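Next up: the structures, one after another.
Look at the two complexes coming up: chain A is in both, with chain B in one and chain C in the other.
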Partner chain A sequence: MNIELHTLSTVTGIQGHPGNFTVTLRQAPRYVDPDKCIACGLCAEKCPKKVPDDYNLGVGKRRAIYIYYSQTVPLKYAIDPEACLYFLKGKCKACEKFCPTGAINFADPGEELSLKVGALILAPGYRPFDPRVLAPYGYGRIPDVVTGLEYERLLSAGGPFQGHLIRPSDHQEPHKVAWIQCVGSRSQDGRGNPYCSTVCCMYAVKQALVTADHVPGAETVIFYMDLRAHNKEFERYYVNAQAKGVRFVRARPHSILPGPLSRGVVVEYVAEDGRTRQEDFDLAVLSVGLEAQDGALELATTVGVDLNPFRFVETTGFNPVATSRPGIYVCGAAESPKSIPRAVMDASAAAGEAARTLVMARGTLTREKTYPPERDVSKEEPRIGVFICSCGINIAGVIDVQELADYARTLPRVVLVENNLFTCSTDTQDLIAARIRELNLNRIVIAACTPRTHEALFQDTLREAGLNPYLVEMANIRNQGSWVHQHNPAYATRKAKDQVRMAVAKAALDYPLARAAVPVVQQALVVGGGVAGLTAALELAEQGYAVTLVEKGDKLGGNAWLLNRTWKGEEVRPFLTGLIAQVENHPKIQVLKQAELKSVSGSVGNFTGEISVAGESRRVSFGVAVLAIGGQEYKPEEYLYGEHPRVLTALELDALLREKPADLKAAGPVVFIQCVGSREPGRMYCSRTCCTHSVENAIRLKELDPEKPVYILYRDLRTYGLRENLSTKARELGVIFIPYTLENKPRVTESAGRLEVTVTDPILGLPVRLSPDYLVLASGIRPHDTSGLVELFKCGVNEDGFLTEAHPKLRPVDSTVDGVFLAGLCHYPKPLEEAVSQAKAAVTRAGIILAKSAMELDAIKSEVTAHCDGCGLCVDVCPYLALKLEDYQGDDGRRHRRVVSDKALCKGCGLCEATCPKEGITVHGFTLPQLEAQVEAVLEAL
Partner chain B sequence: MEETFEPVVLGFLCNWCAYAGADLAGVSRLQYPPNLRVIRVNCSGMVHPELVVKALSRGVDGVLVMG
Partner chain C sequence: MFVVHLVALAKAIGVHRNTIRNWVKSGRLPCRPGPGKGLVFTPEDFARLCQEFHLEPEALAPRQVGGGREAQPRPAARLGATASREDNMTGNVVGSVMVVGGGIAGIQAALDLADSGYYVHLVEAKAGIGGKMAQLDKTYPTNDCAM
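And then the complex of A and B:
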C-alpha cells in the first residue's frame, strides 16, 4: 500500500540533500504490462524457447517468458530479450497470441523515472563467489561438485527435482556428501576474498542435517578451518549436529578429483596430523562465500558513497547502517557478509534512520489500506470453502492431498475444495478471494501449516474479499502432520482428515468479530543505560517521543566504559561521552539513575510502571518498552584467575593497555586462552566478541613490542566477517595461534611465582610449555539477572538467561511480548556496532506502535452473556484483573449483579469460560460450542 | 482382518506454549505417533472440565491438557 515497487530498475543519478533528493532510475523493459498480466502462466506454457533457470542456478530450465520463482513479488511475467526468439530471430510471438489479457508489448521501450525521496536505503545484497577460479576443486568440470546455493535448490521442494535429493552426474541419491568450507573466503592467494563470509559454516551444518532428513543414514562430512557457530543458539545447533553424526574434519582440502566414470568425487586433504588423506564421496558441496554484488562500484559511484577495499559499503563501528553520505543508508550484505537476523535487524535500523530524516513529513504521503465493506453473513447458512495446501512437497510428499480433498468434499456445509501448490502464495490468495465472491463462500478452512504463522495472512485475504477475518480456520496438517509423521503416510493422511473435519466443524460455528481500538500512550520506557539503551532512548526522542530511561547504577554508559576501541579501531570514549551528553541534555528524555522498575501493568500501547528512584516511588505511563539491561564479563574460576596477579580477563587487559602500556611493553610473553566460560556444557553458547577482542589486543601488544612472543590458544577462531582481516594481520605480525579442544584444555600452573601454560600442539601431538608474563583469559559474556524483567513483562528467556526474540530470523528485536523490544547484550553477546544497530531497529519496531494514537486490539476477548448471574467465580480466577462485578437495573425493574469485562486488559485466556458453571461468559473464537464441536468431530472417528 | 489397537488421544494445547512446541516439533522433524488430535486453545486454563469428561466418557483413550 505504501510501497511502490520499481523492478528491473537501475539508479542512474541522485541530486539534492537529506530530506529532498531527486533520484533518477532507468527501468528496463519487461515487455509485459504488469497492470494487465494476471500471471496465468499460459505464455510460459506456449513459449517454445527453453533456457537454463537462473533461479535454480541453471540446474533446471525455464522459458524465455518467465517469472523468476513462484512467490515472486510482483507476480508478473517478464520476457528475457536475450532468449526470446522474437528478439533473436524476429518471429514467434506465441505469448502474444495466447495471452488472454493482451499484456504482451514487444515495443515496450522501458522508462526513465524521476522520484522525489527524503532518504535512500541501499540494499543490493551480495553475489555468491564463483568457484571456477579455484581450478583444483573442479567446479564446472566435475559434475558432482556443486555450490552451497545449488545444493540448497537440490534440497528444495520448489527446486528442479521437487526436493528429491539427487546428484547431477547420474541422478542417483547421494549417500555420502562432503562440504568444503571457506571456498572463496579466508583466502590469501588472491583467488578468493581474504575475509570470512560469516554464514557458510552454519549453512553447511544445516544442509548436512537436512541431508540426513532426505536420505536417512547418509554420511555427511564437513571440512572446515574454524567452525564459526557464533550466533544465538548456533553453538547448540552445531553440538547437536555432532551428536547426530555429522563428521567435522579440520582441514582445507587442496583438491577434488572426479570419481570413477566421472561419478562422485575424491577429496584430497592434509589432516591435522600433517598426513595426506583421500576420501571418496558421492557429492561435494562447495560452501561458497559472499561477495559484493555486481555493480556495487557503479551504484556507489552514482549515489556517492564510500566503499571499502572489498567493495562493501563503508560504515563506522558506531553506526553500521549510515553511509559516508548523509541521508543515504545501507543494510544487508551490501555492508558486509551477514546472517539473516543481522540483515533484518540492520534493515529496521536503516528504516529508522530514514524515518528520523523524514520525521517532519511523517504521515503526509502515506495511504491507509482500505477493504471492501464487510458482507453480512448473519442470515446465511455456512458455505465452507476448503483449501488444501501441498506446500511444495512438504505436505503432499507425505499426505495424499487428493484423497484428503475427496474426503473434505463429503463434509457437511463444504461447497468447495481445492488443492494448491502453495496456498500462501499471492496468486492463491487472489484465487481464494475470487472463489469467495463467485461461490458466496462465508467460511474458509485452510489445511496447511500453522495458524501461528499464517492465520493473519488468510484473515487479510478474507477481508479483501469482503468477509470478516474471523471466519477462517486452519487445519495444521504440516507442522503437526506431514512433518512429524514422515514415515507413516497412511496414518498421516487419516489424521489430516480428522484435522480437516475438526476445522470444518469449528468453522461452521465461526461468527464475525469486531476489533476494538485502544488509545496508545505515545511515550517509551527504556530499561538500561548502556550503549544500547542510550541509543534507543536518543532515537526515540529524535523521532519525537517522550522517553523515560531507567538506569540501575549511578552512571550511564555501561560496559562501553571498559572498552578502548571498536574492532575497526575507533576510540570508544569520545563516542560514548558524546552519546551520554546528547541523552542527558535531550528535552524529551528523562534519565532516572539508581532507579529500578518495580511493577508493570497494562499491555501494548498502554503500560503503567512503578519505578523506585533512590528509594522513592514514581509512576510512568508508556506505550512501548525497550529492554537493554546489558550483560557482564564472566569472572573466571579456572586457570588460576584470582590466584595469580598476572592472570587477567580481556577487560582487565584493556584497562592495563589504557593505563599502564609501558608495563606491557616491557613484559615478556603473553598468552591468551579463548572460550573461557563459553562453549561448555551448561553454557553452550559462543560469546562472539572474545576472539576478535583477543586478536585486537594481540596486535596492540605486537605494536608496542614487535619482538614480544604472543600466543592465542583457541578452539575455533571466530573472527567472523571482515574481522578476519584482523586475524590475518595478527598472523603477519607473528602472533602464534595454537588450537586446543574441549577435551584437552590448556593447563595453567605456577612454579616459583611464574605462570606455566601447557597445551598440546595438534601437529606434533606433543605438549608445548609456555611461560608467559601475562595470561589473558578471553572470558565470556553472561547476561545480567533477567528474571526480574521476565517476571514483570512475562517475556521469554532462553536457558542461558538471554531474553528471547519473537522469531529468531524474522523478528530479531521484538520480545515475545507485544510492545516490548530487546537490544544489546541482554539478548545475546554482541559487539558494539550490533548493539547500536539492534537498538535502532528496536526503535523502528516500537515506532510502528507509537506512530498512531490508537491501536486495534485482537478480537479474541471475553464477553459476558445473558446467562451471567453475577456469582463472581470468574472474577477470582482472572489473572489479568480484567473482570469486575457491577450492579445494574434489569428489565424487571430490580437491581441485579453481573460481570463486566475490560477488553484492553483481557487476553482471552478463558479461565472465566472454564470456571463459569452456566456459560455466563465466553471467549470469542474459542467458545464452548466451538470447542465442543471439535471434540465431537474427534469422537466421530471412533 | 484384525486391526491393531490405535488409541486416540485428544489434546488441548495452549496456543502460546504447547501448541507452539508442537509446531516446533514439526520444524525440527521430531517424529511421534500420529494418534494425537489437537484442539488449539488460547490458554490451557480455558478447557472446561465438561469437555474432558465428555471426551473420555464417549471413548477417547486419553486427554492431554498442555499449557
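And then the complex of A and C:
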C-alpha cells in the first residue's frame, strides 16, 4: 500500500538535487481502465489477433489484449497497440463489445506524470544475448536450437506447453540435449560480449538436472570452457550433477548443423585432445549471456549517470550500489551480470543507501495498513471453505484436483470447495475474501504448497476479510504430494485426500489467537570489526541507531589490511583507514576491542548480551544483531608450503608486492596453483576470490617485468562477471594458463634448493616441468570457528562452517534466526565489494525491525495450563530457554511450583507439549485436541 | 532588503492581513512598512520568518531592493543559501523513492523501502512486474520454483 506501481512507464526527465528530485514519467496508454478490469479474460478469449507471447519469448502465442503472465501484478489486461486490429486496420473492437465492465477505452491517451521523490534507484535489469549474430550456431534457422531462457519456458509448468518438455521441430520429447556455454559471453571476436555472464554455467547445470526429472533417462551434455560454479552450495550442486550423469565436455563447439529432416541437431566441436568430433542431439540449448537492457543507455543519459564500456552502470569497489550521480543508486543486473541472490542483496543495499539520505523524512508519506474489525466467531458453528490450488500443473499435473475437490465436498462442516489455477494469485485472494463474506465462512483450508512461504499471505487475506488470521490451515499437497509422488498419481491423489481431511479436522478446532507485541530496543550489535562489520556499524549509526561493535582483536579492519587493491584497481588502504576513522569517531558507535560475546538471551527486537571486554563483563541490550566475524586464509599443508621459503600464499605475495617489489621484479618464473584447499572432498566449495586474485597479481608481475614467465595452473578459471576482462588482459600480457584436474594435481618437488612443478598439459598429454623462483598457492578462504555464535544465537550453519541464510535466493542476508543478519566472509567467501553490499543490505533489513517501536510476535506460543504441577520436565527440553520454574502461593495457602513461559523467547516448537505427561503446557494452534483430531482423521482411511 | 506584499504574506501564513498589521505594530514581525502594502525585511529576518512559518521563499514573490550591487544573483538562490540549510534538512527532503524497474531487484528494493517507512514509486516498462525471474522455471541450487 506504500508502493505505487507505474506500469508501461518510462522515465523522461529528472530535475532537482538529492533529497528532492522531480522526475517526469511517460505512461503509455493501457487502453484498459485498471479500476474497472476484473481480469475475467473474456476479452482475450474473443480477441481475434494472435501474436507471439513475449513473456514466453515467442515460444507460445498470446492475444493482442493480454496480461503479461497469470500471476503478474497488477492483474489487469492491456492492449498491445502494435498488434491490435483496431489500431492497425481501424476495426474490430471485439473486446469492447464483450467486456462486462466496460473497461476498454480505445481513446486512452496515456499520461505524463511528474513526481517528487527524494532518491532514485535504477534496476532496469538485463536482456538475454541474441544469438542470431552467431550464424554458425544456426539459431533462428534450425528449429531445435533454443536459448537458455526459451528452454526455461519449455520446462515451466506455466509455460506454453504446461511443463511437458518437447522440442520445437516436431513436438517430441527430447532424449539427448546439449548445452553450449558462453554464447555471447567471453567472446573476443566482437560478435558477443567480452565479459563472463556469471549465471549461465549454473543455469545450464540446473536445466540439465531438471531435464532429467522431466524425461527419465535423458542424456544431457554441457559443453563448457570453465565451469563457474562459484557461489554458495554451487560446487556441491555441480558435483552432484556429475554424479547424476550429466556429462561435462570441455570444448567450445564451433558450429551446430541441422539434423536429418531438420529435426535435432549435430554439434561439431574440437575435443581437448585436439580432434574434431561430431555428436547428434535432439535439442541444443544456447546458454546465452546477459547484456545491458535496451533502454539502459537512454535511462542513463536521462538521469545522468555514467556507464562503463559494456553499458553497465559504473560503480566503485567500495560502494557497489552508488552511481556517479549523488542520490541515484543502482542494483540488479544493470550494474553487472549477477545472480539472483546478489541482485537481491544489492537491492537491499541500494534501498538502505536511499533511506539513509532521506532519514529526516522517514514516515512522512507512508500510511499504515488498516484491517476491518475482527468478526467474533466463538458463537458460530465451523463453516469451512476449502481452496485447492492447481499450482499451474505443479499439483494438477499429478493429483486429480477435480476428484480431490469432489471428495472435499463430502467432508463434515465444509461449506465451499473451489479449485484455482494459482491460489496465491492476487485475484484468488480477492475471491477468498469475497467468499468469506458471502458465505459467512469462518475457517479456511488451503490445499496448496508450504506454509513456510505462503501462510503469511493467506493469514493477511483472512484479516482483510475480517477473520482472525489463525483460522487458516494449509495442507501441503505440492511438496509432500505431487512433487514426491510424481510417478504415482493415484497414490498422490489419495494422500492429498488424507491431507485435506486432516486439515479440515484441525481447522474445525481452530480458534482465534492474539499476537503479543514486545517493545523494540532501537539499538544494534555488530559482531566483527572487519570491512563488513565496520560498514554495517557505520550505516546503522547513520540511520540514527546506537551501535555496539564487538571486535575480538585489538585492531579494526580485519583481512582488508592484507589486501592491496580491489579487482577494479582501487587502493584498499585509504578506504579502510577512512572507514575505521569514521567508525571510531562516530558518536553513536561504541567500539569494544578485545571483546567477546559471552551470552545472549531474548529474541528479535529485544536481545540482551553479555560481553567480556579485556576480562571485564558488560551487558548490552539490542534489537538486532549483524554477524560479520569474517574468515581467514587457509594455511596450506600441501605443495611444500612452510617447507620451502619461496612457496607463498596469495596474501603473502600481496605483502611482498607491497614491501619488496624489487625482489619480485628481479626474480625468475612465477607459478600460481589455484584451488589450494578449495573444491576438494571435505571442502567442496569454491573460494571465489582466488582466481581473480591470482590473475591480478600475475598482471602486476608482468607489469613489473614483461619478460617474466608467469604460469597459472587452474581447474576452472572463475574470473566471473566483468572480472573476465582481467583474465583477457593477463593472456594478452603473456601469462600462460594450464588446466589441471582434481585427479591429476600438479606435483611440487625440491631439488638442490630449487622448486620444481610438474603438471600434465592436456593438449600435449605430456607432463610439463616448470622451475619457478616463486610458487604462489591460491589458498582458499576458511570460516572462523562459528560454533560459539551458533550456540549463542541458535542460527544455522552449513557443513563447511559458513552461517546459513534464511533463503538462498530471496533472503541472502537474513540468518535463520529473526533479527540476526549476516555479512561478509562468515556467510561465504566473497570479494570486498560484495561484503560491503551485504553489510549495507543487512543494515537495511535490520532497519526494518529497528524502525518500529514495537514488534508483533507470532501467536503460536506455549501456554502453561492449570494442570502444571511444576515437575520441570519441559524446562530441560526447551531449546530456547523460554521456560522457567517459579514458586507461587496457591489458593490453599501452601507454596507450589509451576512453569512460566516467556512469550518473547518461545518459538512454538512444541517440545514442551510433547514432553509434558499431564497436559500442563500447550502450544496455541497445536493443542492436543487439534492434533488428536488430525491423527483420528488420518487413521479414518485405514 | 526584501519587500514582501502584505496580502501575499497573510495568505501564505494563513491569517488575516490585519493580524499581520498588528504583528508589525507590536514588533512581533521584524520589519518596517514599505511603499504601498509592502513590508521590508532584512535578508536574515526574512530567512527567519520563512523558517518559523515553514514558508517557501519563492511563494512570497519577494522583491529585492537596495544592496543590489553586491552581485547577488536571484533572491531565491541567495535565500536558499542563507535560510535553508536547516530547511533543507527537514522540510525539503521528500520521503519517497522512485525505483525504476520491476524485476526481482526493483521489487526487493521497493519492499525494503516501504517497510522502512518510505513511499515508493515503482516504475516498470512492461504491463506487469516480475521481470526475468518470473520467466524462470526453477532456481538453483535448491530447485525451488522461481515464481
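Here is the rule we go by: the second predicted complex is superposed on the first by the 892 of 942 C-alpha atoms of A that agree within 3 Å, B and C clash if a C-alpha of one lies under 4 Å from a C-alpha of the other, contacts with A are read in each partner's own complex, and residues count from 1 in each chain.
Everything that follows uses one rule, which is that contacts are C-beta pairs under 8 Å (C-beta built on N, C-alpha and C of every residue); 3 or more make two chains touch, one makes a residue touch a chain.
Worth saying up front: this structure is predicted, and the values here are computed from it rather than measured.
J.: Kindly classify A:67 by the partners it touches after superposition: chain B alone (first), chain C alone (second), both, or neither?
T.: In the superposition, A:67 contacts chain C only.
J.: After superposition on the shared chain, which partner residues are touched by A:135: those of chain B (first), chain C (second), both, or neither?
T.: Neither chain B nor chain C is touched by A:135.
J.: May I ask you to decide whether A:491 touches chain B, chain C, both, or neither, giving the answer as first, second, both or neither?
T.: A:491: touches chain B, not chain C.
J.: Applying the touch criterion given at the start, work out whether A:764 contacts chain B, chain C, both or neither, answering first, second, both or neither.
T.: In the superposition, A:764 contacts neither chain B nor chain C.
J.: Output check: A:928 vs chain B and chain C. Expected answer is one of first, second, both, neither. What do you get?
T.: Only chain B; A:928 stays clear of chain C.
J.: Is A:297 touching the first partner chain B, the second partner chain C, both, or neither of them?
T.: After superposing on A, A:297 lies clear of both chain B and chain C.
J.: In the superposed arrangement, which partner chain does A:88 touch: chain B (first), chain C (second), both, or neither?
T.: neither
J.: Who touches more of chain A, chain B or chain C?
T.: Touched residues of chain A are more numerous for C.
J.: Overlap the chain B and chain C contact sets on chain A and report the shared residues.
T.: none
J.: Going by the contact rule set out above, which residues of chain A touch chain C in the complex?
T.: Residue positions touching the partner: 2-11, 19-21, 23, 25, 30, 55-57, 66-69, 71-76, 78, 115-126, 149, 152-153, 155-159, 163, 202-203, 205-206, 209-210, 232-234, 236-237, 295, 299, 331-334, 340, 343-344, 346-348, 350-352, 354-355, 358, 360-366, 394, 808-810, 844-845, 847-848, 851.
J.: State the interface residues of chain B toward chain A in the complex, per the touch definition above.
T.: For this pair, the touching residues of chain B are 6, 8, 10, 15, 19-20, 22-23, 25-27, 29-32, 34, 37-43, 45-49, 51, 54-55, 58-60.
J.: Applying the document's contact rule, which stretches of chain A touch chain B when the two form their complex?
T.: 213, 450-453, 476, 478-481, 483-488, 491-492, 494-495, 498-499, 502, 860, 877, 907-911, 913-914, 923, 925-926, 928, 931-932, 934-935, 938-939, 941-942
J.: Which residues of chain C touch chain A in the complex?
T.: 88-90, 92-145, 147
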